[in-house]
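Labels run A, B, C and D following the written order; every chain starts at residue 1.
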Amino acid sequence: MSDSQAVVPTSSHDDIHNPALLHHFATEEQQKDASNLGMWIFLATEVMFFGGLFCAYLIYRHWYFGDFGAASKSIDALLGGINTAVLICSSLTVVLAIWAAQTSRRAIMLVMLALTMLFGLTFLGIKGKEYKDKFEEHHVPGATFSFEKVPIPGHPDQYANPQHAQIFFALYFVMTGLHALHMVVGLGIFSWLFWAAWKGRFTPEYYTPLEIGGLYWHFVDIVWIYLFPLLYLIDRHP
Amino acid sequence: MHDHSKSSPLKTYFMVWGALLLGTFLTYEAALIDLGPFNPVVALAIATTKALLVALFFMHLKNASERLLKLVVASTIFFLMILLFLTMTDYISRPWTIAS
Amino acid sequence: MAGNVDALYIFLLILSGMMTLLIFTALVYFAARYRHRKGVLAEQIEGSTPLELTWTIIPLGVFMVIFAWGAVVYFQQRTPPRDATEVYVVGKQWMWKLEHAEGQREINSLHVPVGRDVKLILTSQDVIHSFSIPEFRIKQDVVPGRYTVAWFRATKPGSYHLFCTQYCGTEHSGMIGTIEVMEPAQYEAWMSGGSTGPLSASGERIFAELGCATCHRSDSQGRGPNLQGMFGKPVQLEDGRIVTADENYLRESILDPGSKVVRGFKPVMPTFQGLVSEEQLNALVAYVKSLSPPSAPGAKNAAMSAPQSGPGQGNQVQ
Amino acid sequence: MATATVPAVEREDYLNKEYGIASWLLTTDHKRIALLYLISITFFFFIGGFFALLIRLELLTPAGDLVQADTYNKLFTMHGQVMVFFFLIPSIPAVLGNFLIPLMVGAKDLAFPRINLLSWYIYIIAGIMMMHCMLTGGVDTGWTFYTPFSTAFSNTKVIEAGLAIFVAGFSSILTGLNFVVTIHRMRAPGLTWSRLPLFVWAHYATSIIQILGTPVIAITLVLVVAERALHLGIFDPKLGGDPLLFQHLFWFYSHPAVYIMILPSMGVVTEIIPCFSRKRVFGYMFVALSSIAIAVFGFLVWAHHMFVAGISVYAALVFSILSYAVAVPSAVKVFNWTATLYKGSIYYNAPMLYAFGFVGLFTVGGLTGLFLAALGIDMHVHDTYFIIAHFHYIMVGGALMGYLGGMHFWWPKISGRLYPEGWARLAALIVFIGFNLTFFPQFILGYLGMPRRYWQYPAQYQVLNVLSTAGATVLAVGYLLPMMYFLWSMRYGKPASDNPWRAAGLEWTVQSPPTTFNFPEQPVVTWEAYNYDEIDKNYQEEAQVVG
């Protein structure tokens, strides 16, 4: 595992150095690599955090495939698809924002950051509509839950077991809810980034917070890339 | 430290963006065709390629200077697989009776 | 059964006793022998790869032997003999309810004759308990919503402790009982009194009461599969899977009929979730098992030994 | 061990640099954060210890006559939760790790000092939530929160305890993250991986587990809280859920968590033994890689906690064979420690006594683990006092002994004062005797079949329980002593020189206690790890010159 060791600081302390360089780092390079590595490790914890849910989903899908298919059919896959496209576009605008920062195109950077936040809000909007539909159809687990007489896809004469369907909806709400929560946190991060960019903090030499924010946003997008097929498209074929 | 200029040209970004949208469309269409047991396999394959595209190009993993970041990602996926597959060993083998 | 667990335990005791002794004497000897003396410098030793490899490979080899021996004992503990008499055990918060196949019901005590294999079919009404008889070296968690199995053969008459070893609430330590092992003569005497007829008989009565007979008929015109002699045999399901018809399959089919529909039949059976208590469920399962005579080959590979899967639900307490 | 020159003039160091509450509560200096952690985990240690004493007193008599059944259930639950999540997991990484890793790798501070302080504040918030939960009713589900009891049948504050531990998990994640980035990115020039102290290797392995394991228990507790509040039915068999899924997800973290607790102690002992036998550690790379092997294999073995829980026979076989694989690296470590003593020049200072205690007791603890991994025996001894004795031998005999050894070994560096050697050796002896008297009888109790978590037990087990309670009181005295003489030494202890033990390692090249930025200028490492031959040669030359 050869990796960069601290470089002996050739220049003494009184040279002109970046105000954002923290005292305990030798060079900007070391600080940037450190925050990059730190972010990737944080994403590792997030992968395992969602991993526990995917494990529960995998087990119950293995046990109750038919009921999961019936419950998944009741969710609007088109909305899910649009949401995926929205998140992919937001990932693009994040990357373009970073590119703009690297090539010091301040205007484009600000526009891209604003677009990213706009896409994030549209995603939450669509998600809100989905939750509202679920609420009206009484598919929210708990007292008001009802899932009577819903046929299992491929077996028209057989009805899904409401309790197993409730487990699907429990997992659906916990997984997409946790994802939406991460999306809200992402919007918070990007509004701070927008403010910092507005203040002109980011230069082609120093744009680490943008890079870190970008990594987080892309991770949230990747989680959704997996959530979409697994939750929405379990048993859609006729 | 980095071999080539940090920002890869816009062309790559837009190509990756297009591929991702295409992937989403493919996932949606593939789900509508009855492939029997292969439906989940296809869905996961497309999702994994999309995730790799985002990770390699958008998250600049591809031109990351040293192998440490790739190692972090690889070991995370390895441990996730442990969680998923070792738990499944129990759930798959529960109905088997001892053929004594 | 206790014998071979003890044998493995003694072997391991000796092995680890030797290892502990070896390490302790090495520590004490080195500490004394190489005590700090004026002017004597320590001799630097980098390490030796062959030595490292030896004390990696040898322990691994020894561990594999212990693993194999442990696994063999485990398989014996987990494979009840086919002709064992069956006792249905229901764990409830802070008491054990036991029912012999012959119909006797007991609370926190189990009377068994000496020398006969007893197969315990365990389930719980509320939380996870654990059926443990230390003297027989057996322990099996009792999981609500599912059957798990344990078996033992008592070799010496006497009274043995029964504990609940999985924490289950306030009276967890009160959920104890005794296993009374009796001479066959005493056992027969005990058996004669207080029996409401074999469990399968009460199972038949419930089978009729709940109207199961209307669909599950002995001839094959009924809308439900014919239950004669089906216990223990593999069953072809609607979606092509082959499942062994064991206790867990019967339980799941009663409480959640839609999950494993037999091929060629429609999923019209209503769920009995909440209408059937644990005891009635045991009786129904005993009745269906009695429909396929034990000597029938089908029952042979039904050794429902491994704790079965099946996500059957517990049901509301009557 | 004569102490070298004693600093005459009052030098500036991280303790006397600034005073006042704000300088402590808003510090980003890893050394001050380590002391903040030291105070908070000692507080929780004495709370957990108090519960332990109450449990032991209750078990003096077969009948439950000291406390009610419910109170007893809450006692052992909170003893478990406080000790595991609020003392053992943070103890060495957050105190000794925080203090020493920047010093050992030659850095001014950890990679993310502000996140380090955030980790302490998260720990304190979790601590307050836990204290509130305990004072207003406590929780009686056992530290394992098994469902469906915890989600449907317990009427105690499960949600609050679950959220407290959920929050405490993030403090552990952030510490792990900080360590990995610091070890990778901020090593002094010349400090290659094969020159790193094995304490740093051990913490690298621990951090891997903290990073990859803790999130899984965080999500599991979220599911338990969600199910208890909203009756979702994920773990409730009445609604189609599977209680075993909870056990899978819980033990996926909780088994690696026991390696979080023991690996740092192994690191401490691997520093102490070479220093007090004036010798290189035997097989450096094997000991280093065995730490990583324990961290990785630790994730493969969790279901040996569930052999009798109802998992399938074949899954039990898989996990039993993997559990034996994880035992091998621990065995390699024990053999290497013993081999390090060979042909050494051994001193019997307090840290060395604790290291001896550690190696001895950890061997017994580890070997009894082999009993439990054997499927046949686990059927008999699972959930009995055999298990309690096994994990206390590893936690109290191993992790706690290592922690106390480390505290004694680095106390001159932390406080700038020497602790009283005589008292320290006495305390080590009392702890060793008290420990064995407490937990060895429990092995026998376990094999006789006494179940764990029993409020009242059959009379035949009483004699061994009385022995165990007697041992517990001796152990309690043994633990009070170090706290007293450490505090005493803060004021009256002899000032310590930079390197009172003549130990190897960058942390001993700076003054004790160190200045806030540790190194006057960036050190460059040119020597191999544990170069005690060079150190002793230089010392002898100096002795002749001074002589």
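In this section, a contact is a pair of C-beta atoms (placed from the backbone, for glycine too) under 8 Å apart; a residue touches a chain by one contact, two chains touch by 3 or more.
Only a predicted model underlies this, so the values are computations on that prediction, with no experimental measurement involved.
J.: Name whichever of C-D and A-D has more C-beta pairs touching across its two chains.
T.: C-D
J.: Chain B to chain D: how many Å between their CA centres?
T.: Chain centres of chain B and chain D, defined by C-alpha means, are spaced 37 Å apart.
J.: Where the centres are mean C-alpha positions, what is the separation of chain B from chain C, in Å?
T.: One centre to the other, that is 41 Å.
J.: Touching two or more other chains, which residues of chain C qualify?
T.: 75, 78, 305-307, 309, 311, 313
J.: By the touch rule stated above, which residues of chain B touch at least two different other chains?
T.: Touching at least two other chains: 68, 75-76, 79, 83, 87, 91, 93-94, 96, 98.
J.: Could you say which residues in chain D touch two or more other chains, in rising order?
T.: 184, 212, 216, 239-240, 242, 244-245, 248, 252, 311-314
J.: Could you tell me which shape the graph of touching chains takes: line, ring, star, complete or other?
T.: complete
J.: Spell out the part of chain D that touches chain A in their complex, as residue ranges.
T.: Per the stated touch rule, the residues are 106-109, 111-113, 115, 173, 177, 180-181, 184-191, 193, 211-216, 218-220, 222-223, 226-227, 230-234, 239-242, 245, 248-249, 252, 517, 522, 524.
J.: Quick check on the complex: what are the chain D residues that touch chain B?
T.: Going through chain D, the ones touching chain B are 184, 208, 212, 216, 244-245, 248, 252, 299-300, 303, 311-315, 318-319.
J.: Mind pulling up the chain B residues that touch chain D in the complex?
T.: Per the touch definition, chain B meets chain D at residues 68, 75-76, 79, 82-83, 86-87, 89-90, 93-94, 96, 98.
J.: Which residues, counting only chain C, touch chain B once they are in their complex?
T.: 75, 78-79, 243-244, 246, 301-310
J.: In the complex formed with chain A, which residues of chain C make contact?
T.: Against chain A, the touching part of chain C is residues 238, 256, 258-259, 261, 266-267, 271, 309, 311, 313.
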